[in-house]
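Both complexes below contain chain A, partnered by chain B and then by chain C.
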Partner chain A sequence: MDDIEMKVMETITQLNEEENLDIDFPESYIDDLSKAYVGKDLSDDELKELIRKLKQAYDRAHVEAGEAVGTVAAQSVGEPGTQMTMRTFHYAGVTELNVTLGLPRLIEIVDARKDIATPTMDIYFDEERRNDEEFVRTLANQIGKSTINDILKDFNLNYGTMEVEAVLDSKKIEEKRLDREEINAVIEKTFKKSIINGDELIISSAKSDKSESKFEIRELRLLADKVRDLQISGIKGIGKVIIRKDDKEWIIHTEGSNLKEILDMDGIDHVRTTTNNIHEIGEVLGIEAARQSIINEAQNTLSEQGLSVDVRHIMLVADIMTSEGHVKSIGRHGISGEKSSVLARAAFEETGKHLLNASIRGEVDDLTGIIENIIIGQPIPLGTGSVGVKMDYKKE
Partner chain B sequence: MLAKKINAKLKRAYYYFGFNEVVSYDEVMEHANLLKSLPNDESLAAKINGYADDIEAFFKNDDEKKADSEFSADFAKDEPRKSWEHYTENFPEDIFEGGLEPVDDELEEATEIEPVVDDDELDDASEIASVEEDDLEDVGEIEAIDEEDIGEIEAVDDEDGEIEIVEIEEEEPVVPAPPIQPKPNKTKIYLNGELKGYCDDPVNFTREMREKRRSGGISHEMNITYYEDNDEIYIFNDPGRARRPLIIVENGAPLLKDEHLNKIANGKLKWDDLIDGGLIEYLDAEEEENSYIAMNLADLNEDHTHLEIDPATMLGICAGIIPFSDHNSSPRNTMEAGMTKQALGLYVSNYALRTDTRAHLLHHPQTPIVKTRIIDSTNYDLRPSGQNFVVALMSYEGYNMEDAMVINKGSLERGLARSSFFRAYDTSEKRYAGGQVDKFEVPDKNIKGYRSEEAYRNLDEDGVVNPESYVESGDVLIGKTSPPRFLEETGFGTVADKRRETSVTVRHGEKGIVDAVLLSETVEGSRLAKIRVRDTRQPEFGDKFASRHGQKGVVGLILSPEDVPFTEFGVVPDLIVNPHAIPSRMSIGQVLEMVAGKAGCLEGERVDATPFNQTLEDEIKQQLINNGFESAGCESLYSGVTGERIDAEIFVGVAYYQKLHHMTTDKVYARSRGPVQVLTRQPTEGRAREGGLRFGEMERDCLIAHGAALTLKERLLDESDKYQAIVCDNCGMLAVFDKNKNKKYCPICGDVETYPVEISYAFKLLLDELKSLCIFPKLELGDKA
Partner chain C sequence: MKIDIQDHMLVPKHEIMTEEEISDEFSEVDYDIKDLPKIKSTDPVVKTIGAEPGNVLRITRESQTAGVFVTYRIVED
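Right, the complex of A and B next:
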């Protein structure tokens, strides 16, 4: 294919020179042109004509200078937004996994919230292991949070000896693919006075000697809770894990997210594995990934509600949110609060604060934006207002 | 003589302290001391002291005490006070000077201080205010009848947890109840929402309470509910609950037996007897939760607690008016229940004597041919709110698309759906401090705020319009002048010159004929004039009508009678409704009403269409056939324009239509130029103020999105609050134009170069406000790009 692509590129450069065109197609167009060139068996002249036509169509599809893309994007997202149901929780597709959807989620994305309500991950596996159920289950148990409670067979409080007596369930341990040694190590590390005898555990409180009656029943109960809630496996930040067989492969959904550590594990598909935490993506994979994540999340949220918004509107939002190298929110603490014009900021929120600070610093408003010009009563520098007349000095 | 003098003095003194009769010295002094502490005006304090001294002297001096008998009789006769002047005529002038007025009148005076400028534009707001006042009165009345014979239930919880219900004697002084100790594991009892006590056996408690209610032990207005899931008992006996009667069922059999029904038929039993006898009881919404109500006798089983008297009794007045409402979809019934309240009709029978601020009256109300039993029992027929229209269900040249309807002009001219609108205006000759009063008169030409002579043309000599004169908006109904607002030096010149014109005029956009003129007196005794203006409203384009099935629409065409399609018999419909209004809304009740109405007309009798009753379908069909009509109600219609037969069979029937009080005349509005607000110089808001239609934020966004920069500027600046400001080139602040010297200058820099700049007045205001906040906004001017 490379030769053909080269050929197409050459033709374009040729056309640019010969006919003084300014063709600069994106890669995908070159790809399509090459396919058409081979598939339709075009002659060179026909290819040229095709490129010319494509150039025309491409130019026509361009947004014209002075178009209010921001306002149009805002309206295009805002109008369907009014139709969104306010229902917050919804169980989408995956059983038991609760994900914030709808308007609350959209607000979350646009506000660039650091702590999102329901972080989740979708973990995919590389080609060799995506059908290896055993491997996936092991990994899931490594990732997912398990506590002693999950592997108990029997659990008793011995009020006579003031000890917690527990019996572990080997079957469950096996099912969860947990390492016995590791569990024992964790238990021993956490509870100083513990006796491990095969499946049986006897734990007593570390701080006091039970011979004295100081050690109360309440404390024993607290100890019991501690024992039950002791985490024996899992990655920080990840709670419940759900394993699901897709059409062809095994996928893990998680409650909670820790992209960095998951990507460090073996057998993970680094390309498709993702999280819904935009900030995390920004930190681990960079700002471009965060931008794409905003687009994906916003569009999924909208389409889940049966609303279709052109991606380009969302792309614009994502572009603006990420244009400075970190994820910024739309609103008071982000885009709207950082506008260069005092008047525009004061017109949005916290009027007093902005006016006061501007007066302290002696800020100058150069009246380049829309809002400022509306306030002072000038034609806005957009659309028909974006053009002016300039004197041609050459002609006397 | 001396005694008389003393008496007069004492009387004055007593009156000053707010007593109508002779009371003990101590009481008077207490009051005097209280008053002394109030004003900080020395002269006033001295006066109070003086009066107090008089009284003291009176009581101390035994010789003078004989005067007592003579004068106290004057007060002690227990006569109602005649008038204000009666007591004050002998008073020295100075008694009302200063801030303190006679205590009695103080409140009244305070409320009427200075009549605020008549802002007739804010009509809705002022009306709401008046309604609220009425409401307050109502509330007061309700409170007065509040205490029922049930008394107050107090739950006394003694050691073994038994509940005793103690009737508190009415005379017993109210002692603040001790806080109730929370008792877990016991059922809480709430009386009218307030925690009153606890009980151990909620089921038996509620049962006993109900038995007592049925046996007459407690008022039948008490309702009790036990909520098992949160283990709480709610008892209600307060006013304002919606309750409805049901037949009590015991062991699967209604207590109301045939014998009772016979007695009722013979007049031996009355409704109240049924309630007193415990056969029927009223349940509120809460207690309904505890009951299992059978719809029909046939449905009854052992578990039922109640039986509906008739399934239709679950409907209220509004929903009960709908015939065949069991054939309608529920949203349509809900809508109709709301809309029927907006229907014009005979709203009261003494309307000719009333001066409601606004009132509508339907000219020829008719009783509905298709009625319900609820209509009978609510006496709807005595004050109906609609008319029986002959309705054809067909489209007509697109003039009845989207719920519009075509109405027959011939019918309108014969008085169909014609109504009158009454609006009452009133004003009184108010009194002001300093003896100034308003005066009803035809204002003099040189009075402040004089309108055109034209505006006063309907006034009689006394300054009030004559009945039956035609008036339009702006015409004066009551000519009135008020004293100047601020008392200026009155040493020279005539005061009359400075009087203001405060006449009452016909509202903006309204017209009519003066229906009644009422001259009366206010509580204070000043002259009061009320004027009622009447306006006949023949239906016009855009007037709203509705059937009784939530089928509302507006008039889209008033069709000349000769163009209206007619039937084989020459019947011409009054109304043409579009058939698209029916299927998606599923208001089958309307279809049935039309057929039933048609049959009723032909038979000459009214049809009972109470919901949840056996079907009348076959009977109606037979009646139509007997009269030579098709059973489905369809007929062949002939075009009124061409006389050709219309291919399709048209469904024609008689339905009861209501004219709703949303009428075009009250709403049409447009503005090109008009008044602006003083502060912002932007157009005013609202029809009554001849305001503009707001070009809001979202509309603004649309113009931005279209890139229509100059259209946007036109809307927001040129057609709103455009202002030409002069800016100092030196300091950037707004400069000033001195009209006398015809010179522009900067208040800071003096005589410097200035430039005119086109800005919005709101922006100028912003600059001013910034300056007032000690922020210095500079405008740096540049050439236009």
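Right, the complex of A and C next:
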């Protein structure tokens, strides 16, 4: 394919020289031209004509200077947004994992929420281990949250001795590929007064005096809950895990997310493993990754609802959200709240606050934006309004 | 094991530009390089490639629309 691409590039350079066309196509166009050249079996003259026609179409498609791209983007995302379901939850695909979709998710993305409703990760494995079921299951149990409750065989409250008696299930422990020693260590560390005898556990309250009182029964029950909920394995922030086999490989989906620690684990595919938490991506992988993630998430959310919005609009939103080096929200706490013009800010939200603060600080409005000029009734700097006329004094 | 985040599919290629490249690229534009989009000096990729505040990074993204797209960010504190 490289030879053909070279041929196309050469033809373009030749045309540029011969006909002064000033062609500067993006790489995807060169790709498409090469494919058409081979696929349609074009002659050199036909290729030249195709390039000329493409140049015309490309120029027509260009955004004119002074066009309100932001407004168009807002409309293009906003209108399909009105058709989205208000339903927050829905089962995503084959997994039984709840993921926020539709309008609530889109709002989450553009608001740059720190705590999203349903963080989730897709964990992939490296080439050697993506078909190793045993390894995947072991890792899934290391990642996913397990509590004592998950490995119980028998559980009793002994009101006579005021102790919690539990029997662990060795089979379940083995099934979950957990380490017995580690479980015992966690139990001993959390409950000072615990006796571990093989599978049997006897745990009594840390408070030593066993004086008869009504409170102690309550205390015993609280202790029982504590024993059941004791976490014996898992990574911070991650709850349930779902193991799924795709056509070719094993994938783990999680409820909750901890990209940093998961990426540091052995056997994980460091290229494709991601989370849907944009802030986390920004912290772990950088601002450019966050930008790409905003685009991916917004596009997936829209296309899942059967809506198609041109990526360019979403890219513009993502560019603006990440232009300062951190993920900013659209809206009063982000982009709109940081506009330099007082009048523009006041026209958006919290009018009184902005006008009052501006008057206290003695702010000056240069009237360079659109909103300010509409407010005071001047032509707006947009389209043909964005250019002015200046007199050439030197001319006779 | 320390992983290289630059391998991740979401992370485009970041390169530190030399003075020469900067003057080549920005001598004929009517904006200052200080007005470029920013990237924090605490950004994980900036730390990995060892860029300093004031450096300009050339970022080569894979774009859905243009195939390859080159953009720039300036490192700030």
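Everything that follows uses one rule, which is that the second predicted complex is superposed on the first by the 323 of 396 C-alpha atoms of A that agree within 3 Å, B and C clash if a C-alpha of one lies under 4 Å from a C-alpha of the other, contacts with A are read in each partner's own complex, and residues count from 1 in each chain.
Note that in this section contacts are C-beta pairs under 8 Å (C-beta built on N, C-alpha and C of every residue); 3 or more make two chains touch, one makes a residue touch a chain.
Everything quoted here is computed from the prediction, not taken from an experiment.
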First, second, both or neither for A:312, with chain B first and chain C second: second
Touching partner for A:270 - first (chain B), second (chain C), both, neither: second
First (chain B), second (chain C), both or neither touched by A:378: first
First, second, both or neither for A:359, with chain B first and chain C second: first
Complex contact set, residues of chain C against chain A: 1-5, 7-12, 14, 37-40, 43-46, 59, 61, 63-69, 73, 76
In the complex, chain B residues that touch chain A: 700-702, 704-710, 712-713, 716-717, 722, 758-760, 763, 766, 770, 773, 775-776, 780, 785
Chain A residues touching chain C - in the complex, by the definition given at the top: 26-31, 263-264, 266, 270-272, 274, 281, 283-289, 292-293, 296, 311-312, 315, 319, 322-326
Interface residues, chain A side, partner chain B - complex: 66-68, 71-72, 74-75, 355-356, 358-359, 364, 370, 374-386, 388
